[in-house]
Amino acid sequence: MSRLNIELPGLSLKNPVMPASGCFGFGKEYSQLYDLNVLGAIMIKATTPEPRFGNPTPRVAETPGGMLNAIGLQNPGLEKVVSEELPWLEQYEVPIIANVAGSTEEDYVRVAEVISKAPNVHALELNISCPNVKTGGIAFGTDPEMAKNLTKKVKAVSEVPVYVKLSPNVSNIVSIAKAVEDGGADGLTMINTLLGMRLDLQTGKPILANRTGGLSGPVVKPVALRMIYEVSQQVHIPIIGMGGIQSAEDVIEFFYAGASAVAVGTQNFIDPFVCPTIIDELPQLLTQLGYQHISECTGRSWKQHEQFAYHRA
Amino acid sequence: MSRLNIELPGLSLKNPVMPASGCFGFGKEYSQLYDLNVLGAIMIKATTPEPRFGNPTPRVAETPGGMLNAIGLQNPGLEKVVSEELPWLEQYEVPIIANVAGSTEEDYVRVAEVISKAPNVHALELNISCPNVKTGGIAFGTDPEMAKNLTKKVKAVSEVPVYVKLSPNVSNIVSIAKAVEDGGADGLTMINTLLGMRLDLQTGKPILANRTGGLSGPVVKPVALRMIYEVSQQVHIPIIGMGGIQSAEDVIEFFYAGASAVAVGTQNFIDPFVCPTIIDELPQLLTQLGYQHISECTGRSWKQHEQFAYHRA
Amino acid sequence: MIINDQCTVVSQQQIAESIFELVLSGKIVEEMNEPGRFVHIKVTEGLDPMLRRPISIAAINKRSNEFTIIYRKQGRGTSLLANKKSGETVDILGPLGNGFSVAEANIGETAVLVGGGIGVPPLYELAKQLVAKGVKVISILGFQSQSAVFYEEKFASLGETYVTTVDGTYGKKGFVTDILGGLVVQPDVIYSCGPTPMLKAIEKGQYAAKVFLSLEERMGCGIGACFACVCHTKDDPTGHTYKKVCTDGPVFEAGEVAI
Amino acid sequence: MIINDQCTVVSQQQIAESIFELVLSGKIVEEMNEPGRFVHIKVTEGLDPMLRRPISIAAINKRSNEFTIIYRKQGRGTSLLANKKSGETVDILGPLGNGFSVAEANIGETAVLVGGGIGVPPLYELAKQLVAKGVKVISILGFQSQSAVFYEEKFASLGETYVTTVDGTYGKKGFVTDILGGLVVQPDVIYSCGPTPMLKAIEKGQYAAKVFLSLEERMGCGIGACFACVCHTKDDPTGHTYKKVCTDGPVFEAGEVAI
């Protein structure tokens, strides 16, 4: 009996662990290192209608306990993703979640329409939270109305369930989450990166050519957990959690906060075997903590509070 | 000739390094360790009209490279701060910046009016960004209109310049900064803590009794730098920067981003001698980097970009 | 005076399951006198982990300029501490807090020391000082299981010593209060350190006129500046009066604070 | 094959000002053949610092199962690496990237190796392999100052070797290109690694028909997945075609990418 399988809209996951978008390319590199079939799913790199080179380099900078990136959505473009990258991934029995990006509503709609038809794409991840592009991206992610409208339009054309990826750079994450739920989102993925910066001591200038970049890694974990905790209590759609996950223990913490599955980003760069390692370790950790199935952990932090409030009433 | 003195509204600082509010109590504890006269200024613990016990314990939790706190503005109340804490601090030749907090506009106004009359209080720091209290605090810090109105009211009664302390938990830090500048703020202090959370692996419950708490320490540095960089280019009032400062190098990085002075918070807990150490090390670092005076570093990141744009035109 | 000292590891050894005894030397020892105080340890340079860890002083040796701490390896901080080898340095801030007052027990009186698990260590220095003063010491040490028992002989060499284990694998099966309640002599003073339920039971039992309890709380600064470690006072359990565990405590008299 | 190996420190020594030579052993050596590839090093467990550091392989010793890296101690990562002592382990991911192709130089031809500063190390394994093949090797090594010079004798034992220093404190005062331009023999192949201005000058000078340059770029993953390290191709300098320094490079033929 599997203790890790999870059913989410569009996704029958053998386990709830997947690489996060932009941290795993289109899978080829990591396939040299291990069998991708062990993964619960794969979130592929953001796809835009046209090929994009992205930002000038340097594109990464290190911060205490984390990193900044300003890749700028570099990708080979919709056509090539659909004709080359996705077909290559078909050799694996792993559902693909396609990360959809763009500068205008039309961009998102176009990518969603086409990419959602690919046989191995089981869900879309609507990236309204990329901090590293000048137009679109995060603008959609900080305005509830815009986020809702975009979600609606994408839902209208998508052949698979749509997850919306939320930005943490907002005053009120719950209002954005509710707006996209209203717009018809089937699920949420959170969080994308926090906007940050580093400056070079010698020159006084930003280390990143793009000046600012997205903060990821262990440092963002407490922010991600807090947001998932807040949002999961207010929406009725599932959350795929991410932000600084490094270990099986971290996965459980995200489930406690309210996640139903998780993605691992930055840690793939540090330990390329982190996903299979976590998947291996989860069953034993569940045993240790006294759970039969990982789904028992979802929302345990607030579900217990509810129960507690109930008992007192 | 001093290479570190800085003139800011209300504040003649012999050097630009001061302990951050809430991380230094009212100075007594650290005075056992070193002579407080070395400090540029002292930002004292938030003061509310009435004494507050704050939140239940545990009030702190560790996170990778940072910490969460949910003290909840514990303080002895306005009367005692004015009659006991501030007079005790008068033995030092150090300007005091009084951190003003409350649940309602009236609270802020009352504290500001009284505390700004204390002879050694040279400036107020309006705390509209505490994430750990249910009413007031951060609500004022995420709504530009509320922030502006509160600033106006406090300015109307304060006998000393008013600095407003900004919350990083917002979609658009520049709009809040401009709003409080409009409201008459003499300066800004930024950033307060990022809202975060940790969960206990064994129980599934939040580690903090208050559930969520404010994230501080090195992890928030890139976020603080980015916000200071954005805001300093858009306002005409000075910024006292803070968020993860641990070293003289960090101080320079904050200046580059746009700060005119800095505060050190969490690092006081790890190295209680951090402020004097940084103050000692700054002159040598300036020499190494080729600056005569620390003020040359302020805004160097974007001032150079301006120059560059100018040269190209 | 509180100082920040880079102490040298004299020796480190495991003395029970997950329990380590670390002997350190440094000039901080000159500042150490009262038992029951603690040190705040930065287990590694850098930010992983970032915060200091509070650990009680278990023994002070003025002559050799050494002190001992005993700790349980549990999370990242104590695990890294357990890796320290002789000759390496450890960043120590201290001594901190208010400890056990030896003055509360008079010559010839009987003090009962009640420790639970990693609450046992600070009682050892206390026992030594009490005995040196001429106070009769009875020690009651509670552990989970046989494998967790440590320092029994050390305490035994200073006075009557009882050991309990929760699972009965060593000493008497049960809790320290089982022994405490059955003592023939009436203690003049009780000093205790251990898990909160144990301290509560001891406070409730009113086993002696003077009872001193050492508390634990999550700490930030350890020196009284951050308000992380406060507790309510017993006579104002919901008000705004408070005590700080790091400076007013960790040792309080029973009835002083709400535990 | 790329593997993640916990290598053992065989020796570590400082060989010039701030320059360290670290010899490691591990089964990863079985995977190492081509010169000019690099390893991605996690200098310490935990998150301080977090990212791996790319460092070139300077020498491969298949018989003893050892390889050498030479690096400049500058930031936190390399400083921690410099503390590693014999017997300790270092977390190595590799070998990574496309290195210098020995096949490009034919037996009897002349290859000129041009290295600047910490660009010198990967040329050493290259020199050894070229000489073993029967290629004539001339090495031109540029440094800032006398105190920064290293490995001159090692290169000299493999062929004609020139050293330049910027301040003239050792060898010829000036830049490597001063020597390169004045060589009597016409190089068949040039292999170079060093600071970008140097590489640009070599590319521009067209000193040989075949020129190979090893680039540096800030890296995330090191294996081609994160798009941190891309550069434009020379024939499409503003378009969307690109090469990744970590997998397509670090070694490129002159004219391949925009540097």
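Details
We call the chains A, B, C and D, going by the order they appear; numbering starts again at 1 in every chain.
Quick note on the criterion: a residue touches a chain if its C-beta (ideal position, glycine included) is under 8 Å from a C-beta of that chain, and two chains touch if they have at least 3 such contacts.
Owing to the predicted nature of the structure, the values given are computational and were not obtained by experimental measurement.
Where touching is counted per the definition, the chains common to chain A and chain B are C, D. A centroid comparison over C-alpha atoms places C as the chain most distant from chain A. Taking A-D and A-C together, the pair of chains sharing more C-beta contacts is A-D.
Each chain gets one centre point, the mean of its Cα atoms, and the points for chain C and chain D are 56 Å apart. Between the CA-based centres of chain B and chain C the separation comes to 36 Å, rounded to the whole angstrom.
Per-chain CA centroids place chain A at a distance of 46 Å from chain C.
The multi-chain contact residues of chain A, meaning those touching 2 or more other chains, are 64-66, 218. For chain D, the set of residues that touch two or more other chains comprises 47-48.
Chain contact topology: the protein chains form a complete graph, every chain touching every other one. Across the interface of their complex, chain A is touched by residues 47-48 of chain C.
Taken in their complex, chain B has these residues touching chain D: 64-65. Partner chain C is touched in their complex by these residues of chain B: 22-25, 28-30, 32-33, 45, 51-54, 57-62, 64-67, 69, 71, 74, 76-77, 217-218, 266, 268-273. The touching residues of chain C, when paired with chain B in their complex, are 1-2, 4, 42, 47-52, 93, 217-232, 239-240, 242, 247. The touching residues of chain B, when paired with chain A in their complex, are 63-66, 68, 142, 169-172, 194-199, 201-202, 204-206, 211-212, 215, 218-219, 221-223, 225-226, 229, 244, 249, 252-253, 256-257, 289, 297, 300-301, 304-305.
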